[in-house]
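I'd like to ask you about the structure that follows.
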Amino acid sequence: MSRLGTLWVCLVFGFMYLPIAMIALFSVNASDVMAFPLTGVTGQWFAEILGDGRLGGGFLTTLAVAFPVALLTTLLGAAAALALTFYATRFRVLFAALLLLPFLVPRLILAVAQLILFKELGVSRSLLTVIAGQSVIILPFTTVIVASVLIRIDRRLIEAAADLGASGWCSFRRVVLPLMGNGLMAAWVIAFVLSSSEYVLTAFLSGRQQALSVLVASDFRFDLSPSLNALAVLIVLGNIALVVIAEAIRHRAGRLN
Amino acid sequence: MAVAAKTAAGRRTRPLLEVIALHKSYGSVQAVRGIDLSLANESYVTLLGPSGCGKTTLLRMVGGFEAIGSGTLMLDGMRLDDLPANRRPINTVFQSYALFPHLSVLENVAFGLSYRAVPKDRIKARAREALATVRMEAMADRRPRQLSGGQQQRVALARAIVNEPRLLLLDEPLSALDRRMRKDMQIELKDLQRRLGMTFLHVTHDQEEAFALSDRIVVMRDGRIEQQGAPGDIYTRPATAYVADFIGGASCLPGRILGPAGKGYAIETALGRHVVPGVAGLSVGARAVLCLRSEQVALGDTGTPAEVTHAVYRGADWLLECVAGGQLFQVAHAGPPPAPGETVRLSFDPDRVWIAREAA
Amino acid sequence: MAVAAKTAAGRRTRPLLEVIALHKSYGSVQAVRGIDLSLANESYVTLLGPSGCGKTTLLRMVGGFEAIGSGTLMLDGMRLDDLPANRRPINTVFQSYALFPHLSVLENVAFGLSYRAVPKDRIKARAREALATVRMEAMADRRPRQLSGGQQQRVALARAIVNEPRLLLLDEPLSALDRRMRKDMQIELKDLQRRLGMTFLHVTHDQEEAFALSDRIVVMRDGRIEQQGAPGDIYTRPATAYVADFIGGASCLPGRILGPAGKGYAIETALGRHVVPGVAGLSVGARAVLCLRSEQVALGDTGTPAEVTHAVYRGADWLLECVAGGQLFQVAHAGPPPAPGETVRLSFDPDRVWIAREAA
Amino acid sequence: MRPQSAGNWLALPVVAALGALCLAPLAILFAYSFFSVDFVTISHDPSLKNYARILQSETYRGLIARAFGSGLLVAAITAVIGYPVAWFLAKRAGAAKTMLLTLLLVPLYSGDLLRIFAWRVLLGAEGAINRSLIWLGAIDAPLQGLLFSPLATHIALTYNYLPFMVIGLWLAFESLDDAWLEAAADLGAPGRDRFRRVTLPLTAPGLIAGGLMVFVMVVGDYLTPQLLGGASGVTVISAINDLFGTAFDWPLGSAIAWTMLAILMLCFGAGATLIRRSSLVAEGA
Amino acid sequence: ADAATGILWMTWENLAKDDYLAPFIAANDISLTKTFIGTDDEQFAKLRAGGADSVDLITPGLDKVEYYTASDLLQPIDFARVPNAAKLYDTFKQTPLGKVDGQTYGIPFYWGINPIVYRADLMEAEPDWSVFFEGDAYNGKLAMRDYALEGIMIAAMYLGIPESEMFTMDDRQLAEVKKVLKIQKSKLRTYWNSIGDLTNLFATGEVVCAFSWVPPYYELRAKGIDMGMAKPKEGVIGWCDTIAVPKGVEGARLDAAFALVDYLLGPDYGKMLAVGGPYAQSTSAARDLLSDEQQDKIFVKDLSVMDSFVWKQNPPRYGDWVALWNEVKAS
């Protein structure tokens, strides 16, 4: 069973990295057409991407959006999940329906409608409107993730905490919170991924600053430069490096304990 | 000075906990159906009763984890109804332990202390002391899932007692412990209760435990209280056949009261007439039972003939089951047991047995 | 015919379960450190031992839930090592119940039957019968979380016994039940085992339970077996002070063997010399203990003077704690107890007491 | 502690955010759905014409049905593929767990568009897979149907949303107590049955959560079908986009959007009931 | 130092390459931010929904200006501030598109044709529109732009519907169009959405012939692929994009916006666009600076070509066109 599982996991990870492998392959392929046969090795595309200040700026803009969005949606999602499960409000069903709404509306349409609203309110487009708009569509994801963890926490532990004198807040902080840690982490990562790859809303709601997803999409419209492959490779490698570093730190901390 | 004295006196006489006409249903299941109970300050009360009779439910309402169906709870003369669990000066040893899986044993025990007026630097030391009390100091750094069942139970115990609450609720706190450890813990509990002047409400299935610890025993049945009183009263003067049977497993011989006689009543049974003490208020002609405990029945050369049907080894002695007049009797017998099928003669001292009501 | 007879004979003599040199560690914790045990077919064996001594770990390895550290398990002469839990003809009553939360009580009990050769239409009926055995038929449609602690435990019991396995492992299966219910369940268990010719390996903290049910008792300590034997042997002829103390709580008076004498040895203690039977193989000069059980010590006009320190009510009698020669003695006493502080005289019958080793 | 009032306070900021940024815009759209358009002027005479048009249009009905079909199909495929992965991550990965989880999500950072073009390179007539198959001698001529077909679309959709399913399931597995599996094994259930009778019902909340996310994202994804689905890559969302952008028929677009919303809300009403049931189950812990 | 005036230009990415604009930036104290358009329609939706004033300059198609003016989103061009406008080709001076009541709102800026582009190495002969509707030789190797207006115009041209009727087709004509478009769909490998996408499809050989824009032709020839470009005799679609100033832009930002407009119609920019695009500016400002070959590339050597173009217009029943287009795609 375990061996079969390992095999399956390897296959699935292989599947997940198959397109990434292609991207990596063409990021060092000499031709600027993404097609076989391969024509030779070059570092040109990486040089190009590293020399392109515009994309660098876009990358920073993406981070400037994704970090607050991930934080905000994780917090709000956790609050919503708690209100759905652990500290259930009386209006739970209505509340759940409201939470699902942004899930169900096509992005573009929501973007247009939000734009109309911002216009009516006299709010001009900026990164703040992007953050607000994205947060709303990502919120249901984080809520679902956190709620699926909360559902399984043993309520008797909350009783025990109350018994020992912990107020609602304390028992939340010292019992519920640590036990929902996995869920919060997953929610944050998913929110970050969704935010940084969101194109439609970002394009509609952003003002003068352009996030990477928007820049990449417009670059793509005219020419599929392999330098974008190089960019993707850098992002993926950067992420993997972060994971490895975090693991190493965790390992060392574990050993010290 | 005068005021202080008065308060102290008031405190001594006013019950710590009063339970008045308490009810609780889960859907169509009536778990608690009208309980009146009052716990004197600094007393040790145990709750005995069969599985499912509502003990845990009662404790949970007192602790504040279950909404009251109807009735009133008063602590120290004040209504508890609106006080949330964390503000009640009560701690609980849960039947299911409910240890925090993400905290170490020590952190579990220290948890409650941060909500008491305990200096920060004393918290760990106090927690360690409590762990020592339950003989778990060596496992302070483990997680609950790395412990055996009995070890977990002892951590749950330490987690509650370390807070030294006014009222401690214990829901079968020693059920997973071996006899020796249980004895040790009983001594620690009793000592704690006396030393700190706490009040204990302790659910147990172990009658020896109840006898050894309690000032008062409350026998429950089907969501109600069947009898309460001092351990000796409950054992030697059960009010009903149910209590006589449930506590100490008396053999109950049905009969009819012929009238008052001597210090008790004359009663007519399948095994003849006897004059025996009994509960007050039995009228002539009333149906009642004669309660005979296994150690009150002796094998001898005289007495009612009976057939031995079964003999069970108990270490210190044997428990014989004998049938006489269609009625089953249990007899404690120290020597080598007669073989099943043998006929023996049973006798008892009429002054030491007891007449109880047939039903509540 | 001949073959069948031979097999039947083989079956009768060959042990059902053999545990050979079994070890198990969790990280640095050695939970089981070398157990050799053999369970005869159709026998009832109970496992006694203090909290954390490795009982659950042993059972979990036999059941197939925990990988063996080292050693061998044989069932019916065949190695169990590679047999997954679901293919072992073994069922378990788990210490933590492990009831399926998403299934009703009836569905929980019926779960295992779908893997036996039970006709589909009989499954529900069989499950209901098992529920009746544990007095839970009225709650067949509830979910586990709607049950009290004792009710859950009975469902766990029903879920295992309904399968009538060759070997049944019971990990404190009656710990949450009141005395009466526990007695009833003991009778049902014993009856089941006899009727169906099953073999039981039963962990309990209740010594009465062990004595009442077992063909053999195994006393564990710290991951090892300290002594095993018939209930009478364990109680009356403990091999070590540990066993004497753990089972029945004997007072152990240290001493030195002076030499063989009568049916036993002459021993020198703080309270004088005595000639008393004892375990085989004690050499002259060896340190040993004289084991006195509470019911073997009597209060009288002659004997060693001792001071009463404590009296505990036990219902049927009182347990006195007395100190003589710096040594604590426990005495079972039927009458009204002497007050603490009083001096009494203790005596015992040298033929009924026992000399055990100081340590294993 | 009064959990209900705590719940209300917790819900408040969420309700405020959603009210302002989702409910209000949707209300605007709802109003639009009853209007009509003349060139770029929106006439504010309410009527049900738009809804009548949707009902009568085989195209829009068909597109909505197709979107839901794809959503369900991909949710099912990702569930089947992701289930063992989530199990492995939760129960077998040990210390490597966090790392594997992150590695699973990292490909998503490479961006939708780039990955879509990578799929083209993989699946194209001259792509990596066709070339490999020809080289292996498995086929003589390239399989045209690999790319620009529903197959290509669904492969990429599965790829895009598999990690979300795995995350949902992983969380469910994390809180699945092994004691229940041991008990099932003890009672004789072989692996297959332990899965069907214990694991599956007890991880149902994760399956539902993951399924919900995948379903919704597949229904909303128009880029992948558009770029990989070939001539049949149209989706209801891209049709709505056309109405909003190209044709400037916001009222009809709003009406289709609200029709989908209504159907989805019905579906999720059913889903929520399921979740509630399975959460009852789960509380038994 | 005073902060430079900041303006925001919403445009196509390849019209705003940094080097095209460098002389302008160097000569003015203006900081220019660019935001890029996905489609003409997206640009309109964004302005219509979000208000015009957050952008200082936009780049709508000539045929689309009407949308913006009807929605009252633009301000008229002040020709006094755009001296280079005097050099507009006559066609653009005279076109009624982009104007309301004689006022110009979208000033033509650059223009071109949308031809058929094909892989000459993989096709027997130069194709015309019929390749998308008849015969089996290129089944599954064709591509069409996913755009209702142009898709239906091409079908109409194929069916021989004259330009005068094309944008006002009646139900019967539209039914004809639908029928042939369904045939067309069955021959397509895919519909394309961006020119980069189509270029990739040509390069990888997935598609051998498509209704296209000009850039892939030059781009792929530069890579050594033998590309062909066909201008079908039934008619070629011509297009022209304008530059327009949203309502509400005023003061220093308005000055800066017009300065940029003038620069965009001037010789520096025109030359770079012709060489880099290659695209033709709407003025003759740079024409004489180009070689004959370069002029030919962007159709300004012989301007009469413009007369054969079918210019895009807004059909009055555009909603029905879009519905028809979606119906074909969904069929």
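Letters A, B, C, D and E mark the chains as written, and numbering starts fresh at 1 in each.
To be clear about the criterion, contacts are C-beta pairs under 8 Å (C-beta built on N, C-alpha and C of every residue); 3 or more make two chains touch, one makes a residue touch a chain.
Computed from a prediction, not measured in an experiment: that's the story for all the values here.
J.: Treat each pair of touching chains as one step and give the shortest count from chain B to chain C.
T.: Minimum number of steps from chain B to chain C: 1.
J.: So which chains count as neighbours of both chain A and chain C?
T.: Touching chain A and chain C alike, sorted by label: B, D.
J.: If you take the mean of the Cα atoms for each chain, which one ends up farthest from chain C?
T.: Comparing chain centres, E lies farthest from chain C.
J.: With respect to inter-chain C-beta contacts, which pair, A-D or C-D, contains the greater number?
T.: Pair with the higher count of C-beta contacts: A-D.
J.: Please compute the C-alpha centroid of chain C, do the same for chain E, then give the distance between them in whole Å.
T.: Their C-alpha centroids are separated by 91 Å.
J.: Where the centres are mean C-alpha positions, what is the separation of chain B from chain D, in Å?
T.: 57
J.: Measuring centre to centre with CA averages, how many angstrom lie between chain A and chain E?
T.: It comes to 36 Å between the two C-alpha centres.
J.: Hey, what residues on chain B touch two or more of the other chains?
T.: Residues 84-86, 96 of chain B touch two or more partner chains.
J.: Quick check on chain D: which residues sit in contact with 2+ other chains?
T.: 1-2, 117, 120-121, 124, 126-127, 191, 244-245, 282-283, 285 - these are the residues of chain D that touch more than one other chain.
J.: So which stretches of chain E touch two or more other chains?
T.: 42, 45, 197, 200, 204-205
J.: For a test of understanding, state which residues of chain C touch chain B in their complex under the given definition.
T.: So the residues of chain C touching chain B come out as 26, 29, 48-52, 55-56, 95-96, 146-151, 153-154, 171-172, 175-183, 205-208, 211-212, 231-232, 235, 245-249, 293-295, 312-317, 332, 334.
J.: For chain C, which residues are in contact with chain D within the complex?
T.: 63-65, 84-87, 90-92, 94, 96, 98-102, 111-112, 114-116, 143-145, 159-160, 163
J.: Help me check something: in the complex, which residues belonging to chain A touch chain D?
T.: 1-2, 5-6, 8-9, 12-13, 15-20, 22-23, 26, 34-36, 76, 79-80, 82-83, 85-93, 95-110, 112-114, 116-117, 132-133, 135-136, 139-141, 144-145, 147-149, 151-155, 162, 167-168, 171, 182-183, 186, 189-190, 193, 196-197, 199, 212-213, 216-217, 220, 224, 228-229, 232-233, 235-236, 239-240, 243-244, 246-247, 250
J.: Any idea which chain D residues touch chain C in the complex?
T.: For this pair, the touching residues of chain D are 177, 179-180, 182-191, 193-194, 197-198, 201-202, 278, 281-285.
J.: Which residues of chain D touch chain E in their complex?
T.: Residues of chain D touching chain E: 37, 39-41, 57, 59, 62-63, 117, 120-121, 124-127, 144, 147-148, 226-227, 229-234, 239, 242-249, 252.
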